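Labels run A, B, C and D following the written order; every chain starts at residue 1.
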Amino acid sequence: MMGRTHGQHALPTTLGFKFAVWTREVSRSIQRLRDCRERLLVGKMSGAVGTQAGLGPKALKIQHLVMKKLGIEASDISTQINQRDRYAEFTCIIAIAASTVDNMASEIRELQRPEIGEAFEPFGRKQVGSSTMPHKRNPIICERICGLAKILRSLVSAALENIPTWHERDLTQSSCERFVIPEECILIDYILVLITRVMEGLEVDEERMLHNMELTQGRMMSEAVMLSLGNRGMGRQKAHELVRELAIKSHTEQRPFKIALLENYVVQKLLNKKEIEEILNPRNYLGTTLQQIEQVVKKTRNERRDRGLSD
Amino acid sequence: MMGRTHGQHALPTTLGFKFAVWTREVSRSIQRLRDCRERLLVGKMSGAVGTQAGLGPKALKIQHLVMKKLGIEASDISTQINQRDRYAEFTCIIAIAASTVDNMASEIRELQRPEIGEAFEPFGRKQVGSSTMPHKRNPIICERICGLAKILRSLVSAALENIPTWHERDLTQSSCERFVIPEECILIDYILVLITRVMEGLEVDEERMLHNMELTQGRMMSEAVMLSLGNRGMGRQKAHELVRELAIKSHTEQRPFKIALLENYVVQKLLNKKEIEEILNPRNYLGTTLQQIEQVVKKTRNERRDRGLSD
Amino acid sequence: MMGRTHGQHALPTTLGFKFAVWTREVSRSIQRLRDCRERLLVGKMSGAVGTQAGLGPKALKIQHLVMKKLGIEASDISTQINQRDRYAEFTCIIAIAASTVDNMASEIRELQRPEIGEAFEPFGRKQVGSSTMPHKRNPIICERICGLAKILRSLVSAALENIPTWHERDLTQSSCERFVIPEECILIDYILVLITRVMEGLEVDEERMLHNMELTQGRMMSEAVMLSLGNRGMGRQKAHELVRELAIKSHTEQRPFKIALLENYVVQKLLNKKEIEEILNPRNYLGTTLQQIEQVVKKTRNERRDRGLSD
Amino acid sequence: MMGRTHGQHALPTTLGFKFAVWTREVSRSIQRLRDCRERLLVGKMSGAVGTQAGLGPKALKIQHLVMKKLGIEASDISTQINQRDRYAEFTCIIAIAASTVDNMASEIRELQRPEIGEAFEPFGRKQVGSSTMPHKRNPIICERICGLAKILRSLVSAALENIPTWHERDLTQSSCERFVIPEECILIDYILVLITRVMEGLEVDEERMLHNMELTQGRMMSEAVMLSLGNRGMGRQKAHELVRELAIKSHTEQRPFKIALLENYVVQKLLNKKEIEEILNPRNYLGTTLQQIEQVVKKTRNERRDRGLSD
């Protein structure tokens, strides 16, 4: 399929490559959650200011045993409360994760535009796009994801403001966190349910993907042509200028790039028709796409195995 | 010194305990930075859409060698750009670190109030509080820290908005990050320079700390009295009610809590004057303060050693 | 041109209508700035805490005269500083204005996608989309706008945090505002320069607009057909069901909606071929578009005249 | 009472002056709400993309009549939706209002510190500060206000992100606003209920206010002394140096400023004891405090009257 930068056609890529990029982005979110566990999952029995004064000489031991029972670690030190950098980190991580899901949902929304039409979130058979416009197929799940991600990003401000605390505790954190923490947990869960539904039911139009690549009449392959000409002995700088010229000519005359190449005397001397067709075939210009995807799959599988999860 | 919750006197603590809490909070910021390194410090040579198509069959190897030379890892997969969750995480971590420093600076600002007067940021001999009010000693370094921390928190919104990207890259990240990334690096550096200066030159008024503890005429020790009475056989619930009553009496009559205790018939039977004085001495009600501080020092020293730093 | 909701084709609209919507959105930003003037453009000579104690009995008069000279109003009351809600409002207004410009720039970026190709930001003749991909026409001005708008949104957090102040002033505002205020003024100015350049040099492809409307083979006009059938005596509910059925049929068979209508026995009885063609012509289904645009132009012109500006 | 800058004693002010400053800050919030009404309180019947195509030739009239019935204005132009700058403005205004209330609540929290003890939020007779520390009087209402204000500030990010919209509408606004708008309306209402309760039941300790002013032994009146010496013929620069010297002497020796003045030969020549006592009386150094308060009361009353409210 077409790879796009600035919303414009750039070079060919594959849908699998997009998924591989997302896979690692999601993996990084999981890593962040795992990295923050030892900072986040701690409890304390520390008394009014942290000194454990009312708990007797075995206070640290008591704290240790209680936390063990709760299945969490004892905080290494705390005041009346655990310091709020711990929870702010969690809110940041959730906001980053939500934005990654937003990124994926935004991609689907764009690909689902009727002018592009390459991928579609699942659409129930009985679902109606619009009562008066039954032709519509609105990416409403993805839109909902993007809308809720804005909330998850916004909660970070409150969580960061919670870090500065008056002395051994004040009450401005708890009144705030009573909203922030449940809201973010519920919303990230919901967003993950939604994106899973989207990805499991994703419809892909491969023909349209191929068709869209023809939009620039082969000019998106100009880099490949340039490199081939360079390999055939034409200096790279010269090849660059020639290809650029022919791409602009093809664009101005709205004729296939292939024709512009075939008609050119200099190109003719270095490449024959069959070679040009080979070069212009986007399937031949995917570089290390497959290798990279395989590496990603392997790395991610290993991580899952290390976490005791099945493939 | 007095430990405070809700801005009110709670139980005794020590300045060293406050520092120990901060030490671990700062350590967590260092841990976060270290944890994010493998996600952040990566580079890529991936071509226009990530497929490395123009780099030939040895593209992955070339990328690896170049990154080795740069002293960073190669990104496991990327499009034209490294995905922006990597940089958003960095901005979050910096904002958390800045808020921790804000927390410390806010504490000093409060302790430096003339009504409290327990700690003071350094003040040059020739420094003037105010041209017309030479008696003033303004905590301007700490105030500057708190002001700049607001900027560092605000940058997180922009960094999170940068995660959703159009396809294989768009240009809305770089125009934004050109501000966010240098600004946050410069400001966090400056904030750290300032807080270091504050902490190195911190002036502490120990007498004032002791004096301030007398503000509630010993009533802040009511928890200690209650526990002692409980230990002497009075039921805990009963002890609680009695102590509460005497604390309120002492408060209403504005007389020392010690007098209220000494005058009470029930207390007299269980505790003698010397014992009461022992119990009311805040130095005897610091719980595991010293143990906790020692643990913190040891843990932090070990971490520094593990990072190859001297004590 | 096609009007789009959820990124999908909805009903016809015009580019002029889009501009009219933006015109009012921009007008609202101007109104906000004008509304905040009396709250924002004030100065004060109020001494260390606001009481003007050092300025003698004529202090209010002195303040009045000095502010008159400066061309601003005297604050009705202030402490050492003007209260920070005044400046936070300004930052909010600028962030809203920037987001409106972001909205316009985002629209151009989408319309400039090669698959849509309806509008383009100006592109210098000598400008190169990409060194190896000369066919690219990247909307880099609009992308830059969207990137910088994120910064302007993020500054609001800091400006709002500046409102709570310690007593008669603290220093955490000025250290923060030294960044926020110049940065937002410079960036909004730059964004406005950029969007003006984009709009002045905007290239519009009318043919492509018409062409894109054919993408759903006339089905986007189903609402118009339904209403016409309703007007010819068929009950609205019945008309709705029939049109829906035919639109789905046209979509499934990938044949023009017009054919589906012409072939239908019930439709035939109520509408002849010429009438159907009239109904399916998007130019005949623009409702009050022109009236609304005229109203907007008139209203905006009047506002400009009231502000002493020429048309 | 003491006026404070940087948390330090500056010059005398009055509690009424603080209230007058807040009164105008609250008035500005009311003004902002009133100013935004014509932008915010609008409705529309505009069809799928804003053209009113399905509503017939009298669409604008129909829209007008329906909105009249709803008691709001018709939007001057809209797409399928009202543009989101309208609602973002509302969220900003609410966040500013919440931060103003936060400012007031923060002031009470500081004044309620036992070391300051000048003002207290109401405290139910049966309320207990803490089960083991009955002497505590925690400003929990004010703390709750400050905590919730952080949420109201954070929602602004989401509201601003809602302004950029895909074409004639997308669905990412409504999923987001379903949280933001009810949450902010409920929370601002609650915050206003709380601050009203605080202000109606505010307890003020006038004696403590006077007592606290003695903390700097009269040195906070150095500005007044300097101006008086200046008025008696000593050059201002000279007076400044002398007073500064004596203030530092008084501070170093921890003796009353009055003694330092009385003992000084130069001061003796220009001011007698009675005059010095007059000058050092903070009640004589309140400048235009009363005039300013009266102006504020009058202005605010007039505004209320203009809005049809009783005094």
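Some notes on this structure:
One rule holds in what follows: a contact is a pair of C-beta atoms (placed from the backbone, for glycine too) under 8 Å apart; a residue touches a chain by one contact, two chains touch by 3 or more.
Owing to the predicted nature of the structure, the values given are computational and were not obtained by experimental measurement.
Shared contact partners of subunit B and subunit D, listed by label: A, C.
Where the sister copies subunit A and subunit D meet, the same residue numbers recur on both sides for over half of the interface positions. Spacing of subunit A relative to subunit C, judged by their CA centroids, is 28 angstrom. Remark: subunit A and subunit D have CA centroids separated by 43 Å (rounded to whole angstrom). A straight line joining the Cα centres of subunit A and subunit B is 33 Å long. Multi-chain contact residues of subunit D, defined as those touching 2 or more other chains: 5-7, 10-11, 48, 54, 109-110, 130, 132-133, 138, 140, 143, 146, 153-154, 156-157, 161, 166, 170-171, 223. Within the complex formed with subunit C, the residues of subunit A that make contact are 5-11, 109-110, 112-116, 129-140, 143, 157, 161, 212, 215-216, 219-220, 222-223, 226, 240, 244, 247-248, 251. Remark: subunit D residues 48, 54, 109, 130, 132-133, 138, 140, 143-144, 146-148, 150-151, 153-158, 161-162, 166, 170-176, 179-180, 183 touch subunit A in the complex. Listed in rising order, the residues of subunit A touching subunit B in the complex are 3-7, 10-13, 17, 20-21, 24-25, 28-29, 31-32, 35-36, 39, 47-55, 57, 59-60, 76-80, 83, 85-86, 88-89, 92-93, 95-96, 99-100, 102-103, 106-107, 110, 146, 149, 153-154, 156-157, 160-161, 163-171, 223-224, 227, 285-289, 291-292, 295-296, 299.
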